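Each of the two complexes below includes subunit A, the first together with subunit B, the second together with subunit C.
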Partner chain A sequence: MNEKYTRAVKELLYKMADDLLILGHRNSEWTGIGPMLEEDISFSSMAQDKIGQSLALYQLLNNLGEAEPDTVAFTRNQQQFHNCQLVEYPIGEYDFSLMRHFLFDNAELLRYDLMMDSSYEPLAKLARKFKGELKYHKFHGDTFVMQLGKGTAESKRRMQDSLNFCWNLALGIFEESPYESTLVDEGIWKGEAYLKLRWLEAVEPILAEAGLTIPDSSTWKPVYGGRTGKHTENLQPLLEEMTEVFRVDPGAEW
Partner chain B sequence: MIIKSLDPRISRAQISDEPGTEQELKPLEHFETYEVFHQKKRGTHHQHVGTVHAPNPEMALLFGKEQYGRRGVCVNIWVARTTDIFASDYDDDDIFSTTPDKQYREAAPYKVMDRINAYKAKQGS
Partner chain C sequence: MVDEKQIWKALEEVMDPEIPTISMVDLGIITHVQVNQADNTATVTLIPTFSGCPALRVMEDMVREKVLSIGIKEVKVSTNFDTAWTTDRITEKGRKALLQHGLAPPPEHTGGLIELSVLSDVACPYCQSKNTRLTTPFGPTLCRSMHYCDNCLQAFEQFKPVG
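Then we have the complex of A and B:
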C-alpha cells in the first residue's frame, strides 16, 4: 500500500467507525426507557451491534498504525471525530430516533454492500461479516417506518415531522472525503456520490409506501462539516459522558 | 395517588396506587401476543421459545428475533398469534392419564439386543 492509499483508507475507516460509535452510544440511551419491553431489547441490541462494529473498524485502524481502539474512542476531542452530524443529535422523542435509524441504516447496509468488493481486503472481510446485522437493522427501521407512517394521525404526523427534521442531516452522511478520487480509482469503494444515489433509490419507495413525503428537492441543503470535525453543541456532552468512567481510571482492566 | 416512576412507561400509564382502582386498558394501549418458535438447524423442528407483544406478524418477527434469537444459534423463526393456537383443555388432562402405563408403546423395553449381538457375531465370523 502506498502512502496515498493508506491515508485514504484511514480517513474512510475513521468516519465509518465514528458514525457507529456515536450512534451506538446515542441509541443505547434508550436502554431501559424504550416504548415497550420488546422494542427496548431490540433497539439496545442494535446499539450494541453498532459499538461492536465500530470496535472492529478501530481495530483495522490500529493494524494500520493508529492508536489502540480504547485510546481512539475515549481520548480524542470532538474536532477529531469524523462522524456526520446526524448521529450526534440527542435521542429526542422516539419518532426522531426511529427516523434517524431508518435513514442511517438504509445507507449503512448499502455502504457495506459496496465495500464487500473493496480492494482493501480487511474491509471487504468485515463488510461480509456485518451483512447479517445490517440487514436486520434495515428490516427493523423499514418495518417501523411503515407501521407508524400507516398508523394513527398522530404517528404519521410525528414521522413526517421527524423526516423533515432529519432529511438535510441525513444528506450530510454523504459528505465527500478529500481522498474521494483515490478511494474510487483504487477500487476501495465506489464513493459517497454513488452511495447517495443508491440510498435515494432505496428510501424513496419505502417512505412513499408509508405515506410520508420527502421534502421538496429545491429545499435540500446537506448538512456538512461532521466529516472534517465540525460538530454541533450536542457532541461534546456525549463525549464527556461516554468517557467519564475511562477518565477516572484509564488503565482499568475490564 | 398516581404512581410516579423513573420509568416513563409506568408514569405514562397513570396507574393509581389505591387498591381496587385498576382500569381496563384502552384499545391500542396493549398489543396482542405472538408465540415465537425458533429453529436451531435447517431440517430440525422448530421449538417454542416464548411470547412477544406485537401489533402484527411482521413486528412479532422483528421482536422475536431479538428476544429469543439474540443468544445462541438460530437459523429460522416462526411466529403465530397466541389466539390462533388451538389447545387442549386442562380439565381434559385425564385423556393422558393412562399413557405412562402403556409401556408396550415404547421401543426401549423390547429385548432385541440379544438378536442384534447374535447377528453381529455371525457377520464377524
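Then we have the complex of A and C:
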C-alpha cells in the first residue's frame, strides 16, 4: 500500500467508524425508555451491532498504525470526530429517531454492499459480515416507516415532519472526502456520489408507498462539515457522557 | 500426542454460553485448528456470529481451557473476520440442538434481503404449527427474533437467519 492509498483508507475508516459509534451511542439511549418493549429492544440491539461494528473498524485503523480502539473512541475531542451531523442529534421523539435510522441504515446497507469487493481486502471482509447484520436494520426501519406513514393522521404528520427535518442532514452523509478520486481509482469503493444515487433509488419508492413526500429538490441543502470535524452543539455533551467512566480511571483494567 | 482431530472432537463439548445445547463446532464458528506436534502447541481460529457479540471473549477463554485440558501445552486462540459467519454454517446436529433449547432453527438464507416473508415462515418449536407470526426481528440476544404461535398461543424465539 502506498502512502496515498493508506491515507484515503484511513479517512474512510474513521468516518464510517465514527458514524457507527455515535449513532450506536444515540440508539442505546432508547434502552429502558422505548415507546414499547419491542422498540426498546430493537434500538438497543441495533446499538449493540453498531458499536460492535465500529470496534472492528477501529481495529483495522489500529492495524494501520493508529492508536488502540479504546484510545481512539474515548480520548479524541469533537473536532477529531468525522461522523456526519445527522447521527449526533439527540434522540428527540421516537419519530425523529426512527426516520434518522431509516435514512441512515438504507445508506449503510448499500455502502457495505458496495464494499464487499473492495481492493482493500480487510474492509471487504468486514463488509461481508456487516451486511448480514444491516439487513435487519433496513428491514426494521422500512417496516416502521411504512406502518406509521400509513397509520393515523398524527403518525403520518410526525413522520413527514421528521422527514423534512432529517432530509438535508441525511444528504450530509454523502459529503465527499478529499481522497474521493483515489478511493474510486484504486477500487477501494465507488465513492459517496455513487452511493447517494443508489440511496435515492432505494428510499424514494419506500417513502412514496408510505405516503410521505421528500422535500422538493430545489430546497436541498446538504449539511456538510461533520466529515472535517465541524459539529453541532449536540456532539460534545454526548462525548462527555460516553467517556465519563473511562475518564475516571483511563488505565483501569476491566 | 494430541492431533487436530482430537481437538475438533474436544471442541464438540464446548457449548455456546448463551445456548448450552449447541457446541461451538455445530454453531460453525470454529474455522481453523492446527497442531504443531514438534512442540505440542496449537492455534484455533474463531469467527464471530455478530460483530457486537458480547460472548466472544468468554468463548475464546472456554476454547483455550478445553484445548489445554486435553494435553496441549500452549494454545493461541484468535478471532478474525476472514470468513463471514452465516446461519447456513450451523450443522444438522446443531439445528436439532437449537430446537432442543426451544429455539426454532433458522431457514436457509443464501444472501437476499431480510423481508417479512423470510421471517414469518417459521414452525413453532413447541407444536410444529406454521400458524405463527413475527412480533419483532430483535430479541433477547442479537441472534434471535421473537414470534408468536397462533395455534398453541405461545411466544417463542427463532435463531434468526443471517447471511
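Note that in this section the second predicted complex is superposed on the first by the 254 of 254 C-alpha atoms of A that agree within 3 Å, B and C clash if a C-alpha of one lies under 4 Å from a C-alpha of the other, contacts with A are read in each partner's own complex, and residues count from 1 in each chain.
To be clear about the criterion, a contact is a pair of C-beta atoms (placed from the backbone, for glycine too) under 8 Å apart; a residue touches a chain by one contact, two chains touch by 3 or more.
Quick caveat, the model's predicted, so the values are computed rather than measured.
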Message: Quick check on the subunit A-based superposition: subunit B and subunit C, clash or fit?
response: clash
Message: Under the stated touch criterion, which partner chain does A:147 make contact with: subunit B (first), subunit C (second), both, or neither?
response: first
Message: For A:139, using the defined touch cut-off, is the partner it touches subunit B, subunit C, both, or neither? Pick first, second, both or neither.
response: both
Task: Quick one: classify A:192 as touching subunit B (first), subunit C (second), both or neither.
output: neither
Query: Which partner does A:35 reach: the first (subunit B), the second (subunit C), both, or neither?
result: first
Message: By the touch definition at the top of the document, which applies to A:45: first (subunit B), second (subunit C), both, or neither?
response: both
Subunit B and subunit C contact sites that coincide on subunit A, given as residue numbers: 38, 41-42, 45, 136, 139-140, 143
Query: For subunit B, which residues count as touching subunit A in their complex?
result: 7-9, 28, 31, 52-56, 58-59, 62-63, 65-67, 70
- prompt: In the complex of these two chains, what residues of subunit A are touching subunit B?
  reply: 32-33, 35-39, 41-42, 45, 136, 139-140, 143, 147, 152
Complex contacts: residues of subunit A adjacent to subunit C: 38, 41-42, 44-46, 48-53, 55-56, 122, 125-126, 128-130, 132-133, 135-136, 138-140, 143
Query: Once bound in the complex, which stretches of subunit C touch subunit A?
result: 48, 50-54, 81-82, 84-86, 113-116, 119, 135-140, 142, 146, 160, 162-163
